[in-house]
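Labels for the chains are A, B and C, by order of writing; each one numbers its residues from 1.
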Amino acid sequence: MEIKMVNLTKIFISKGKKEVHAVDHVDLVIPSGKLIGLLGPSGCGKSTTLYLIAGLLRQTEGQIYFGEEEMSETPPEKRGIGLVFQNYALYPHMTVRENILFPLENLRVEKEEAKKRTYDMAKLVGLEEMLDRKPKELSGGQQQRVAIARALVKTPRVLLLDEPLSNLDARLRLQTREEIKRIQRETKITTVFVTHDQEEAMSISDEIVVMKDGVIQQMGEPQAVYDKPANLFVAKFLGNPQINVFDGEIKNKEILIEGMVVGKKDMPDQKIFVGVRPEAFVVDNENQASFRFKVDLVETIGRDTTLIFDMQDDSENILDKKTFKAIIDAGFRIKADDIVHFNIKPDKMHLFDLNGNIL
Amino acid sequence: MADIYVTNVRTYKAKKILSNILLYAFLAIIAIIILLPFYWMILSSLKSTVQLEQIPPILFMSPSDWKITNYTDLFVLVQSGQRAGEPLFPFFTYMKNTVVVSIITTAGTTITTILAAFAFARLNFKGRDILFAILLGTMMVPGEIFILTNFVTVYKLGWYSILDQSYLDVVLAMTIPFMTSVFYIFYLRQTFKQIPNELYYAAKVDGTTDFKYLLKVMIPIAMPTIITIIILNSMGAWSAYIWPALIACEDEYRLVSNGLRGAFTDTSTGRTDYGQQMAASVLVTLPLLLLFFVFRKQIMRGVSRSGIKG
Amino acid sequence: MEKKNNLRAWLYLAPLLILMAVFTFYPLINAFIVSSYKGYLPLSGTADGIDLFYNYGVILKNPLFKKAVINTFIIAGVSVPISILLSLLIAVSLKSIPKLKGAFQTIYFLPYVTNTIAIGMAFAFMFHEDYGVINLVLGWFGINPVNWLGGTATYAAQMIALLILTIWNGLAFKILVFTSGLENIDKQYYDAAKIDSASKWTVFKRITVPLLSPLILYISITSVIGALKAYNSVVGLFGDVKLGAQNNSMITIVAFVYQYKDGYTDKGYISYAAAASIILFFITAVISILQTIVSKKRVHY
């Protein structure tokens, strides 16, 4: 089931009578059968978008379509969606079985079939032994799987997940991530997954949608968005450690950072931001490459060494210092206070104008 | 599978409007039922005897037809008999008594409650939990068990005497036995317990005494709860009926509730003057309603919190 | 240090404990003692002898006490379930109208801040056969005037009038408590129920009531205890002498206890009162315990 949003807008009136555009004229098509990660910092409108798709919130403007069918005015119970809440919202007074059965009862599915589907679904999420337990007798990960089972049991047209992993510990998060991916592949159900964790979104999604201030910044396959960010915000939001952003300029078709040439660009002279991924730095001390800096700090973890440095920034306050990170192979023996020369991989370097738009 | 979800949006909207209309109608009817006794009481108090006895009864009256004679009659002095020289319904005397009893009881209850709640919330002493459980247990006991023994106690304390009961006796008898409330202790203890321990330890380090800490820290922090307790408790005297009836030997010592019932029926003919009865009821109800409209938020919050356990 | 602490605590508790010792614990114990005396005179403290069950026997054989128990049970048994169900429905309805909620809530709370006697008298006049508004309204629906409270009123009519007053009086507190109880239920459960296509009725039955069940249990226990002590509403409606359209036709257990209130100079009267109030105590205790046990199987969570 394809989901299409046209000019979708949601305005909240805050306490001071101020209008907050939580979702701002969004046009988006979510292709059928795909798992889409809706990604952005908190307050970017991603959860609001999800609730609009679910019908739990009513849009101020615009339309939502499931396939050809307009859903804009349809109440949530008629939309045929499954939703996994951030805190799961399992009914605390019902057993696992009753929780999973509940949507089927409401849809008046015939009893025997409902029983069978409940069992099958519990098996799919690996909880067939736990059917008679109450939610509070389950671990966080198990509760989360019950929530998925409850959302899926009615074979919804669309599955929506609202930060479903944020309440799990790190190990469970990885495991459940794989689980969700597997279930989605098996059921081939169109799925929208909201998260603020870029790594989570990148690893699980067929495509990601990056949002900020209610506006979609970019949509595409995770690696494609990472490799070709549409603007400075997306570039900074994706990738850990964060992309380094240098004040730079284009002069005589050369890219300069602090006067050091780091590449070429056929463009008129102007001030720019140069975004450099930490993994873009290649040590080149033999050739005395143009870009160099004095290393402040060296952290070696496993096969990677992270070099932390600041440019010739003379800020008095150490907290104000803008630091940068380069990740290189641990094979290089580098100490603090060394001056190191680098080449920068051109495909890992992104140029932005002063408004943050890609050049 | 999908077709069960498909719905006609227009039918849904119509249904929603219809259910909203039904909802408001239901709530409005309940509101009318709740307000009707007040309306009937006020309306009847403004009717003349002829209007009162009209069949079918008058349901609406334009303000120009309102009579205040029922109210003025309440203050007409009785001509003869035992109560000669007193107003027919000595509202202000009853009011004064009620307010006096209410203030003294509330002051006493507030003090015992604050002290006890502090001990239970803050101090460690042997037998604390058992004592608290016993006190909670007394809430289960119906007050009727206490009343006759208490009456005898009050009698023996000399606060009750048919012949020479003084005003002080009455006030003591009506207030002293009611200066404790386990429920309010329970309620205030909860509030006290939410005040972080660190504050107490900090005060101890600064050399503050317990009593000063209670006075300067705990009471100010718990003020909203204490105000709720004061308001709720002072409303109690308005409804107190049986005990004041038992204690007051003289008419002039009665509280509003007692003065109200029984008056306005001519004992020889059995005829009731409904107009005056309703006027007096309005007068008795009014102070409470005024108190309510001034402290609406505190009262409603206090009552709803007291209803939700824990 | 420990001892000092103990002493200090008892000092804070002293005002409370002294008052309670005199006016709560002593009378409680005394009630049990007095109920075992035969021919007891409280002012002189003399009695004809001790017989543990004599006074209970007298009371239980008294037809007026039977009547009082039946009346009290009817009041509690009918008014409590109706007022709880009604206030739940009202609270749930209030939840779905954010706009006028405050105004409605204030109106519904008014019965809480009235004088029971005054409002009882207003009800008495509303139920007046000729001049009352109730018969006027019934007349609109073609129902003949009912003699609710007059000298020849039927038992059923009196009881219905009393029940209506009792329910009206009890709604305020319950609506307020249930409304705030509903506010404490996580909104996510309702969102989840919408996603799960639950109808309004299903949501009420399967989500709201179970999640509110601890509160419903608590309120029903306190309401039953309150209803078992019905007295002021009877006095408001009928006066404290007659207690009914016919003498004592609406007598309650508490009213039965209070009929001995002037009998402190009469031999044995106070023992009857003590015995009756202890019976009330036991009824209250047994019903609360039963309610808790029965509900424990249903109140799960």
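Odds and ends about this structure:
Convention: contacts are C-beta pairs under 8 Å (C-beta built on N, C-alpha and C of every residue); 3 or more make two chains touch, one makes a residue touch a chain.
Predicted model, so just to flag it, every value in this text is computed and none were measured.
In terms of C-beta pairs in contact, B-C outnumbers the other of A-C and B-C.
The most distant chain from subunit B, with centres taken as the mean of CA atoms, is A. Averaged Cα coordinates give subunit A a centre that lies 58 Å from the centre of subunit C. Separation between the centroids of subunit B and subunit C, computed from CA atoms only, is 16 Å. The multi-chain contact residues of subunit B, meaning those touching 2 or more other chains, do not exist; every residue touches at most one other chain. Annotation for subunit A: residues 75, 78, 107 touch two or more other chains. In the complex of the two chains, the subunit A residues touching subunit B come out as 69, 73-75, 78-80, 107, 155, 157. For subunit C in complex with subunit A, the touching residues are 186, 188-189, 191-199, 202, 206-207, 210-211, 213, 300-301. Subunit A contributes residues 54-56, 75-78, 81-83, 85, 87, 89-94, 102-103, 105-107, 134, 136, 150-151, 154 to its touches with subunit C in the complex. Considering their complex, residues 5-6, 8-10, 12-13, 15-16, 19-20, 22-28, 30-31, 34, 42-43, 89-90, 93-94, 96-97, 100, 104-119, 121-123, 125-126, 128, 130-133, 136, 139, 168, 171-173, 176-177, 179-181, 184, 200, 214-215, 218-219, 225, 228-229, 231-232, 235-236, 239-241, 254, 257-258, 260-261, 264, 270, 273-274, 277-278, 280-281, 284-285, 288 of subunit C touch subunit B.
Listed in rising order, the residues of subunit B touching subunit C in the complex are 19, 23-24, 26-27, 30-31, 33-38, 40-41, 44, 52-57, 59, 111-113, 115-116, 118-119, 123-126, 128, 131, 135, 138, 140-153, 155-156, 176-177, 179-180, 185, 210, 235, 238-239, 241-242, 245-246, 256-257, 260-262, 265, 274, 277-278, 280-282, 284-285, 288-289, 291-292, 296, 299-300, 303-305, 307-309.
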